[in-house]
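Next come two complexes, and both contain subunit A; in the first it sits with subunit B, in the second with subunit C.
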Partner chain A sequence: MQDFAHSFTLAGELIVSGNEDLAEIIALSMRVTATALGISALIGLPFGAILAVSRFPGRGAITVLANALMGLPPVVVGLSVYMLLSNAGPLGPLQLLYTPTAMIIAQAVLITPIIIALTRQVIADLNAEYADTFHSLVVPWHTAVGALLWDARFSLITVLLAGFGRAVAEVGAVMIVGGNINHVTRMMTTAIALETSRGDLALALALGMVLLLIALAVNGAVAFLRGTERSAAHA
Partner chain B sequence: MHEVVSITAHSEIRLQSAPSPMPLQVRNLTFATDNTEILKGIDLDLATDHLTVLMGPNGAGKSVLLRLLHGLLEPTSGDVRWSGQPLTKAIRKEQALVFQKPVLLRRSVSANLNFALGLRRIPDRAIRLKEALADLGLESLARRPARVLSGGEQQRLALARALILKPKVLMLDEPTANLDPASTLLIEQAISKVRRSGVKVIMITHAPHQARRLAEEVVFIHAGRITEHKPAKAFFDRPESEAARAYLAGEILI
Partner chain C sequence: MSLFKRLAAGVVAIGLTVGASAAAFAADKFIVVQSTTSTQNSGLLDYILPKFQKKSGIEVRVVAVGTGQALKNAANGDGDVLLVHAKPAEEKFVADGFGVKRFDVMYNDFVIVGPKNDPAGIKGMTDVTAALKKIADSKAIFASRGDDSGTHKKERALWKQTGIDPTAASGDWYRETGSGMGATLNAAAGMGAYTMSDRATWLAFKNKDALEILTQGDDRLFNQYGVMLVNPEKHPNVKAEAGQEFIDWLIGAEGQKAIASYKVDGEQLFFPNAKGSASN
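Up next is the complex of A and B:
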């Protein structure tokens, strides 16, 4: 008990004093996850929207697949990306294993299906409302997709925040492809795992608190956006 | 079908057999779902120089017919031709339909209008936007989100968006249902104005007074069939079908 209280105090001091190791780990985590989210958004938003509005053979299958991949176990993603990037793998020559880029790839693979599936649902709902009007006005499909993405932007930001939350809290995939190398690929989650197992609860707790704050901030942002959207619709 | 008529209610418009840019020809049109036939063999010819009102009881198939004419529904069988051609994109671009329940984009009033303008190559956009806002009394609402508008304001915006592309054919599905007299008047004035400019108007309404004010001819639909198609005055003075007589009698009783 005494130890725990002490660890909390130390953790608090680490955060307040702006400990360099701590800051470095947080900064890397943020950079990796933000980049992964950016890539996933660039792929997932248009792809999800096209999936929602177009009719082509195999569309149903892709939708089912995207929905299934939402629940992809992070360690399986880590393993797949590892095999892809390892020396024997097809992307081996790029020498990406154990770099931040590898972790970005793993996180992007992990959350792109989430962005696609959730975007498809959001856009399909809005399109159910707009479709007749678009058809009547003879709106070209790419204009329709753009308009749907724009008009659903509040809901889509919520989708992106969900993807961010999942990526930033994930440990298995980045551990496998990043290796948790100090000053290179040490992320918040992998550091927490390591420090806890080493018994350095102070750093683990400090990182845990920061992660918790980030999760709270993301959820707060989602709640705020929902509120804004609702008041924009009914003001 | 019927000959050219001159209309008392519209004494300023003397109808002539003017050239018709988009006459409509419907042949043996049916629309059926899995187990019900909603439209049962519609034959209809409309010239461009009449304001045509579709009347008929709830569920008669008026909205379905209007959607078929505009290509929003595919007929089960039969044929819709405008100017002798099947519904192509080029033809549909010359038409506008205002739905029974207005559908507006989640944007401001002027953004809704600009969206329509952005779809075609239109040089004088700013002028068009101003005109459209003015025609339907929306100037003071231009920046307001469309979703917060009242029902009447939404209906006016939907009509403004339909008119801003200057269609040759305007189709309206109960454009003034649930509106107060002032909004109704605004919309009727806008309709009369486009009608005078030579636009073909096909509208559905249940309001007998509105039909008398605006209609030049009436098509009466009952249970998926056209039972009457005649000049408005003749229709209101001497409805021939039992269904139309009952419908008009009911309206008067209310």
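Up next is the complex of A and C:
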């Protein structure tokens, strides 16, 4: 049990000391996850919305597939991306393996289905309310998708936060495609795994607490922005 | 500015930063070394690599995985140099044309660690196969790496010498963790199990808990590390020149001295034994 108390103190010390290595690791984690989230949002939001409002054959199957892929095991994603990017694989000449870009790809693959599936549900619910209005005003479908995405923006931010949470906490995929290389591809989660394997459980847990704090800070910042936006909308 | 514009601006800014830093990485001279968890977990590489980088200007990026995975990754051309500890597998790697030439680098030894109350009664034994036999006979829990790593290959070879097939009791007293040395030591500490570890990982390991070294000193526990360049004829992307420079440094006077001077709690972890170009 003293490990928990020790970890708390250690986490506090790590943050206060402004440790350069830790700052580098946190910055990399944030950059990789934010970029992966940006890519996933660009693909997932419109795709999810279109899936919600349009009617085409196979739509049900795609929805089921997207929902199922929310449970993609990170290690499988990591392995697949590794085999694609490996020098023995089809994308080997790009020389992306063991770079932050490889980790961005893995995380984007991991969370895009989550963004698609949750966006589809949010937009489908809202569309049920709006459908009659769209129909009577003869609104073209792309205008409708735009309006739905905009009006659902607060729910969609929660969708993006879910994607962020999944990506930032993930270790299996980035370990394989990033290689946990010091100063190049070492992230919060891979550093935690490394310290665990070194038997330094207190330091590993302290790093975990720092990661949790970061997730709290990100969610807090979004909640704050959301608050100012709401008050601006009502002003 | 709307929330979405702000978010979008943030994402773009981050994207640009990542792009810029990726370009900065690409400008530097670096090699990728596929190595084992023991060299990283023990802290050896963190200690000697800055010395090499200072001298050569070459950054060494280490991917530390089990020897089995390191061999596979290197065979795929995902690395320039291979630094592992499973001599027969390394020799096969070179014979199959994946590696250029293998050099001895350093050695340490394996130890059998176990719970301090030692239910199998192997404390102080120096005959490792006799100790393993006692563990099997008493059905005391033994945690095996079970991951085809260098340590696992060695452990299997030792079991073979005892004439016992422990995998018949897999899931019973023989527990295959399927993970790295550190994770297996954590598991052994948690289960009160015996396990075999390389001495370097053990000495640097901080969660020793109720474990201690019980059997050591058998010649058969010798643990040799080798280094080789991934064959540029198989994989043209291999940075042969920089990779060879690293190998030459590692088996040369400076690298060997750096290895010998690495100590944890005053104890030397690795013993250099390169024979220069005459090795193998």
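Quick notes on this one:
Here is the rule we use: the second predicted complex is superposed on the first by the 197 of 235 C-alpha atoms of A that agree within 3 Å, B and C clash if a C-alpha of one lies under 4 Å from a C-alpha of the other, contacts with A are read in each partner's own complex, and residues count from 1 in each chain.
Heads up, the rule we're going with is that a residue touches a chain if its C-beta (ideal position, glycine included) is under 8 Å from a C-beta of that chain, and two chains touch if they have at least 3 such contacts.
Just so it is clear, the structure is predicted and the values come from calculations on it, not from any experiment.
When the shared chain is aligned, subunit B comes close enough to touch A:T133, but subunit C does not.
Once chain A of one complex is fitted onto chain A of the other, the partner contacts of A:A147 are limited to subunit B, with no touch recorded for subunit C.
Legend: residue contacts after superposition of the two complexes on their common chain; A:T99 is shown touching subunit C, with no touch to subunit B.
Looking at the shared chain after the overlay, A:T35 reaches subunit C, while subunit B stays out of its contact range. Using the contact criterion defined above for the overlaid structures, shared-chain residue A:S17 touches neither subunit B nor subunit C, since it reaches no partner. Of the two partners, subunit B and subunit C, it is C that touches more residues of subunit A.
Of the two partner chains, subunit C is the only one touched by A:R226; subunit B is not. Residue overlap on subunit A between the subunit B contacts of one complex and the subunit C contacts of the other is empty.
On the side of subunit A, the complex with subunit B involves touching residues 129-130, 132-133, 135-140, 143, 147, 151, 232-235. Residues of subunit C touching subunit A in their complex: 2-4, 6-7, 10-12, 14-15, 17-18, 21-22, 25, 32, 37, 40-41, 46, 61-64, 73, 75-78, 180-183, 185-186, 204-208, 235, 237. On the subunit B side of its complex with subunit A, the touching residues are 70-72, 89, 92-93, 95-97, 99, 103, 105-107, 115-116, 118-119, 145, 147-148, 165. Residues 30-32, 34-35, 37-38, 41, 86-89, 92-93, 95, 97-101, 104, 153, 157, 179-182, 184, 194, 196-201, 225-226, 229 of subunit A touch subunit C in their complex.
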